[in-house]
């Protein structure tokens, strides 16, 4: 069955998504033949180059072209954050399958409108890190009770490019286009992973910080969270963690042991198993590349490691499998909305300085 | 010159201090000949065994014996927390040199009284981790400007014995004797190190958590801090970090790079130097055992590593050097009081749920 | 310019090469449009499935089809080792560009014949690990003199599947098809990297070991080597290193410092720089994903790591760049022959128990 | 019971032994009260300083004073290697308990004479690393069959001070006094540990290398070994491993998994357990500081790590326990002789270039 795709966006994410559409058929068995039918972006010149390189059949400089073409089955939104709501709602109303980059929207209200508009279509939010084999394996270990009752769920996303003022002009540094700084960009990843692994957040307290003089958005965002399962967490997102390039990390402690992860070592999951004999206890470095691990077996042989791009391929692959089997898929727009609710409460807390409840 | 020491306390700390008094002369050159003159504790029987093993000349079951004996020059307090103030004040008033285990006291008022009483005598608080070579080296790097302006100072002390209910009867689990749980026990270490490395704290917000049903004290304590130098921090102390045995850690990010430390690897300091060429940047694992590093050269040869006990020997050794040279020494009772002030504000914040200013 | 490719081989390597041909145009700018024209293999049924999945236009069950078709520009050999010589010579004689999986041949004589036959055509041997960014960066550091005079070059390739008797029937376990066990399979990788990084080998002494009773090939191969630059090395290849899945490692010590690598962490290079100040010395973990590092910039952003497959894409990409620019490319068949010469001498040494000189 | 000790030697080892005699009673319960009765060395002036610092009651500039004094119970030899045989034989013939630094002797003949002379007295060789908790724990795991049949036993001792010509005048660089360079100094440690953990060596082939022009002794020593249990090993000792300060390491692979150790991280043992489920396999970093681990419980609490000096204290402590209980103790002079036999065969092999059998 042919699936005609329109990709909206020609930036770094456009490249990552293009690669996913090109590669998914090589590693995932689904009934769908992907046709890279249409690539939309604002710069006609570079759009042509990108289309030629990545095999997009046609291009358009107005995203509405994708909505208007009845032969387009799937619209994939890799545009700046402030456009997500309008485009996704239009696409959903036109009956398209809708994939959307994270964060889902700039506001809870927008996200709710997107969920409402997409009630009858299939959706996905590109919280691709759920398909890191190590994170999917962590999920499996927790679901199997290997960690027991969770006490601590700490997470941090540390990057270092904040001091570079040359990037101040990009849309990511403009609150009107990006929503916020590290909160929408990095903290949302932490929150989606936390909701996936540790369940609902009940309340939070946040501290927002801008280090670069005159900058309009947050450079760092710290928060304390309490979870519905009784655990507590400290969260941090920052672009001023000099020495860390892309350190998306978590550390979980439960009655059954510890799990630790760092995206810079995405093939690894650290596990301390409290059920080991006392003399045998220690932190194990598991290379999550076994044929019995989740996600990985779609790619290569044990210990023939994968990289960043594979998380996009796997997210898309599992989405197509769910589509073919008419099965549930997560994260969908409702999952994206859940992240926005926590984020909005934390932003409110950062403004008020008060503990703020998270509506669930 | 002979220095007659009375040690008060026969527990684990009594053993660590005994070792320091026995060993300091082997590794530090000072004019003092330490005489282990008197060991005080409540259990006469085990006291004799301990005295015989560690070379204490006499024993007494009442700590006042140490105060009353005019030939005692130095009183070292390794008693449960609630006794620190009374004993230290008595010792100071009797003109003794006073060393006191951390935390200095149960309350800021007590700590202030101790500082007042000790105005004319030399004091030390056993925040021994300042003499971990890696921490002393971190201090030197920061003082030399190698880290530039500090953005983030995060610290955590994670232990795992919290679920063990068999220790509920010990003084460390009794708020009347210990003050609090992890806050007085572990968080105080983090705070002293933070004050040493990163300077004054301006405000804080804390979350206290007791996981074990019915337990009277906190099992975990989380806090957000802001520092006078403009940096922000997240702090955590817990006995429910299953998988971590004694993970006293910090991670500091400044314009000049990152420093990272873990007490379980106390001979190591991790350093990412932002002044390296772009292609050469990475996190360096420095074995802090060079003859040009602080503290270490008193002991063995490069890479012939030291352990936990050496931090006590070094603290005592540097105290004796300062005593001989009539030089300043830190941490003294004033430094201990500074920790209490932050701690009290955080306890207040944990109760109120509000950001709380730290008086300096 | 169109480049019509025939791939010979439908196993794991066939998949890795197919991916490289599909992906190279996405990440490397060359004048060539790759057409996956022909896929050859012995099993017609699975060949069709593989061709459909990877976009090969036609299939053939006889590799001679690739040689005979005048429209085929490039023949890529991913067949069992014993077929390399015959096929490569035929392809070269037909004027094709020839790419060949490693090891180049079963014997030095065969390898010499291949070099002779390929004198007027472009060739590549798939020693793909030269394009691991970390290894290419190691080469650059050494070439720039950062390591000074080399004293030690040690290398090991450790896998753990040797005890699995279920694989005894595959061609890799048959000396007639594979040449040898770990020697041809794993040691050849170590040798190519060593020749690349450390130059010519002068003599060697080897020990061959078969642990599995009745097995016809070597399970482990150990060697001592001396290099023309005065350094010494110990080499080891084994499938009985239980606990190691794909640990292709080296450790180099020179007057200027140390380099250390492990393929299981292929984005990392460890570097101890002897020119650092004494207090600053340590082993640095460099994430070789900077825009100024070799190879990596073709792919994603800093710290967005790559995996196993990218080494094939990069090898092919650089080969096409060299082809377009009429520039030298390594490793070509002559480099493959150099590996065979060392290997043959080591096999002879393992038989004789004597030090054996390597002809250069 | 009083045990009057004479220590012969005032260098770095003299300091390490002095510390062991001073500390053993604090951590080990034995019936013996150690009296540090006599310190012998050649430099009267510094001898007095050292005696005062470490509590030696008397000093003598001729080692024969220790033999001649009937009140001396135990003679501890920490003299340059060439003196071991003469002194140990004299001490044994005088009926003393004899402890001797490693290596036992310069030649097998000397070592045999020492064993013969010491037939009726208790002896110990200071292969102190057997008492590293991690190494003792490795021994226990192997003895319990946790590693199954051993396939590979690799060991390396890497230091970096070789290029420093200022040390060329010391006895360690003089073949007449030291026997050899890294072979007697470092390789002997590797061999004793290997004999302890992996049993008898059957044959070996060695390569000796002097990098520093004009130096009389070996700077590096490489060897291949075969063991009586069927395993194979590569061994390396070097002072030219720039970047490694004191990296005494081993890596063992058996049917049951892998063990890995590095003296620079002496509190840690890495263990990959092949009996773990496939998805759970990985390399575990065990902090060997549990109360059920060997050696460690004599010292502090879990994760309160120990250092270099503790291996001397523990060796002495266990020797005294064996002495008190009239139990066997290893390593004694016979164990020291076993090391010499392997060493001598390897030296012979390095000269001849031939595989050489090891007499057992």
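Which chain is which? They are A, B, C and D, in the order written, and residues in each are numbered from 1.
Criterion: a residue touches a chain if its C-beta (ideal position, glycine included) is under 8 Å from a C-beta of that chain, and two chains touch if they have at least 3 such contacts.
Bear in mind that the values here come from a model prediction, so they are computed numbers and not experimental data.
When the C-beta contacts at A-C and at C-D are tallied, the pair with the greater total is C-D.
Comparing mean CA positions across the assembly, the chain most remote from subunit A is D.
Rounded to whole angstrom units, the spacing between the C-alpha centres of subunit B and subunit C is 54.
Each chain gets a centre from the mean of its Cα atoms; for subunit A and subunit C, those two points are 36 Å apart. Mean C-alpha position of subunit C lies 42 Å from that of subunit D. Within subunit B, residues 281, 283, 287 each touch two or more of the remaining chains. Within the complex, the subunit A residues that touch subunit C are 12, 16, 18-19, 22-23, 25-26, 53-54, 245-247, 264-267, 287, 289, 299-310. Touching subunit B in their complex are the following residues of subunit C: 137, 271, 273, 278-287, 290-293. Across the interface of their complex, subunit D is touched by residues 151-152, 154, 158, 160, 163, 205, 207, 209, 211, 220, 222, 224, 226, 230, 232, 234, 236, 238, 240-244, 253-258, 272, 274, 281, 283, 353-355 of subunit C.
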